[in-house]
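Common to both upcoming complexes is chain A, partnered first by chain B, then by chain C.
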Partner chain A sequence: MNKEELLSRLKVIVSNYTQNKEALDSINEDTDFLKDLKINSANLVDVVLDVEEEFGIEIDNLSMEKMLSVRAAIEIIENKLHEAGRE
Partner chain B sequence: MRLAGNDIVDLRLAATESNWMRKGYLQKICSEKEQLLIRESEHANQLVWLFWSMKEAAYKIHSRKTGQRTYAPAALETTIQTLKPGCSSGFVSVENCMYYTQSEVNEEMIHSLASPNPSLLKEIEVRISLHQDGVYPDYASTNPHSVSHHGVYLALIYL
Partner chain C sequence: MANRVVVTGLGIVAPNGVGIPMFIEAIKNGRSGIKYHSQLQDLQFSCQIAGRPELSTELISSCFTELELRNFNSEGILYGIIAGIEAWKNAGLSLEREEDPDWDSGTIFGAGTSGIEKFREAIYKIDEKQVRKLGSNAVMQTMASGVSAYLGGKLGLGNQVSTNSSACTTGAESVLIAFERIQSGKAKRMLAGSTSDGGPYIWAGFDAMKVCTYKHNETPERGSRPMSLSASGFVPACGAGALLLESLDSAVERGAVIYAEVLGGHINSGGQRGTGTMTAPNSKAVQNCISSALKNTGLHADQIDVINGHLTATIMDSTEIRNWCTALGRSGEHFPYINALKGMTGHGLSASGSMECVASVLQIAEGFLFPNINCEDLHPDIAAQIDPQKIPLHYHPHPIEYLAKASFGFGDVNACIIFKKYRS
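Right, the complex of A and B next:
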């Protein structure tokens, strides 16, 4: 799975929780879930759970710690897919 | 250390915005001990959001202190010492740091204050205002120490 495909699937997930639709249109690796998309911090858990379901991976709490931006999320998803041998 | 943080939860908005009963949700935000207390509580919903607001209030100080942004709500371990109708007090521990908390709890909202210095909690001036349209007034000029808003509520604290 390439980065673009990953980002577009991630965008669908975060669109359900983002409060700043304009920032969603220009989503990129530097986008911050809380500061830019204004996702409520209690909904960031939903993003993590949705990512787990969408990609069939498990995100442990240690990985979740860093999941505050698109870049971090993509890195975590890539690593988990790699660990599972499903790149 | 004169540091404090606050957090407010609009319970009506939380009920529509978040489904904490979703599979896996509590495991990501609560410790084992907290999950057990929630499972056994008759007021599970209020308890979930009480824990959450305590964690958020403490996190605001902790991240300022450490200069690190992380998303690890389950690692902030809450302890409730007193729970009376309308108010609660306790503490949150994380990475060998301790933050004392005081919370106001009612049917509509939960507001928590946190500080590493327990005596400071009594000195904090709290201003909670209601904004039905979700539009908050410009408060920057009043220079609040910590700001929290959720749904119809704006909560500002001053030291």
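Right, the complex of A and C next:
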């Protein structure tokens, strides 16, 4: 799975939680979930659950804490897919 | 000096009418909201009829964001928010989002439980060792104060935001707590109301206690029969009622429409002494609650024109009538008019008091008595105490100056409110 495809699937997930639709339109690897997308911090766990379901992976607590930006999310998803041998 | 308190907004989600216009029409025409529910039969309930409001998707999405509705499964919060927002808008108040909260407005919005369906969902996940899959929204939907917390955010309330809980007294109690806060000058506006979850997980306990009727599964609309000889238990229901209480000064300043004045009332408990138990009222306490309400409002018992009773359609109805007779010192033809909303809505449990307060205020504002449906065979014990003419079976216009509303609940708790026609 290439980065573009990953990003577009991630975009669909975060679109349910963002309170800043403009930042969503210009989403890129540098986009921060809290600062740019204005996602309520309580909803970060929901983003993680949706990512798990979308990609069929399980995200551990440590990775979960780091998943605060698009870049971190993509990195974590890639790693988990790699571990599962499903790149 | 104590502030006078008036009602400037109303909202309702009742089994027989969602929204004030539909509800007024329903209660004037004696329309029942009781239906047969196959789910209750499938689950082998004895009582398979219930009152559950029907909400359109449009109405729900006008009160909640898409994000809020993701994994949302709390019926009580849903009803409470819809009724609360209606009362707020009905009072002519704005839903515009301001930077600062409105320090002068708060809410006392009661509930018996919160998000019982959500809780059930969560319990299954927890037992399957899937705690993390609960996501972020299990707490706000299942915390007792969920309904007031959601309302506080939607309305930007900056005064007290709280949930009271006192079983079937909850709704009447919320009005009196809110009243006192405005009367004492601590708030200008309080959204008072209450809500109840519905469905099998709420109603099962009552079914098991054999306090619900099982004799009307084939005739649901005839099932809820307050004061009737053939009353055989209450019909479970759910919903929400909301009243925007406001200081008279604030209402006049805003040029708000005033539905009625809240004169005050009383809240007490029978301490589960005498005839009182966890589930039955101490009659002495009921009488004390009514007479204290009169005393607190400076009224004489003869001034009460109309009573809106608790009257659930159990054997306790005639006891309630006796308590009113004793407390007011009035019986026979001297007894006030009395009616019971539960004939049309069933027993909305923690929501019943506020739905009935809404019906009471509407009767005062428009000057009418709604019919006591399913009471064509008045219980002889009641007929022996009061003139049957005082229990209207049909709608009729009737000017009301003072109305007494009482609610009683498990735990031997009571509340009695006196509403008055507003005159400037």
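Just so we're on the same page, the second predicted complex is superposed on the first by the 87 of 87 C-alpha atoms of A that agree within 3 Å, B and C clash if a C-alpha of one lies under 4 Å from a C-alpha of the other, contacts with A are read in each partner's own complex, and residues count from 1 in each chain.
Following the convention adopted for this analysis, a residue touches a chain if its C-beta (ideal position, glycine included) is under 8 Å from a C-beta of that chain, and two chains touch if they have at least 3 such contacts.
These figures come from a predicted structure and were not determined experimentally.
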Practice item. Answer with clash or fit: chain B and chain C placed together on chain A by superposition. Key: clash
Check your understanding: Is A:N28 contacted by the first partner chain B, the second partner chain C, both or neither?
Key -> neither
Check your understanding: So, A:N79: does it touch chain B (first), chain C (second), both, or neither?
Key -> neither
Practice item. State whether chain B or chain C is in contact with more residues of chain A in the superposed arrangement. Key: B
Review point. So, A:N16: does it touch chain B (first), chain C (second), both, or neither?
Key: second
Check your understanding: So, A:N43: does it touch chain B (first), chain C (second), both, or neither?
Key -> both
Review point. When the two structures are overlaid on chain A, which partner does A:K66 contact: first (chain B), second (chain C), both, or neither?
Key: first
Review point. Which partner does A:S8 contact after superposing on A: first (chain B), second (chain C), both, neither?
Key: neither
**Study point:** Intersection of chain A interface sets (partners chain B, chain C)
**Key:** 42-46, 49
Review point. What part of chain A is in contact with chain C in the complex they form?
Key: 16-17, 42-46, 49
Review point. Given the complex with chain B, which residues does chain A contribute to the contact?
Key: 40-46, 48-49, 52, 61, 64-68
Point to revise | Residues of chain C that touch chain A when the two form their complex | key: 66-67, 70-71, 132-133, 135-137
**Study point:** Complex interface listing, chain B residues touching chain A
**Key:** 14, 17-18, 22-25, 28-29, 52, 56, 69-75, 150
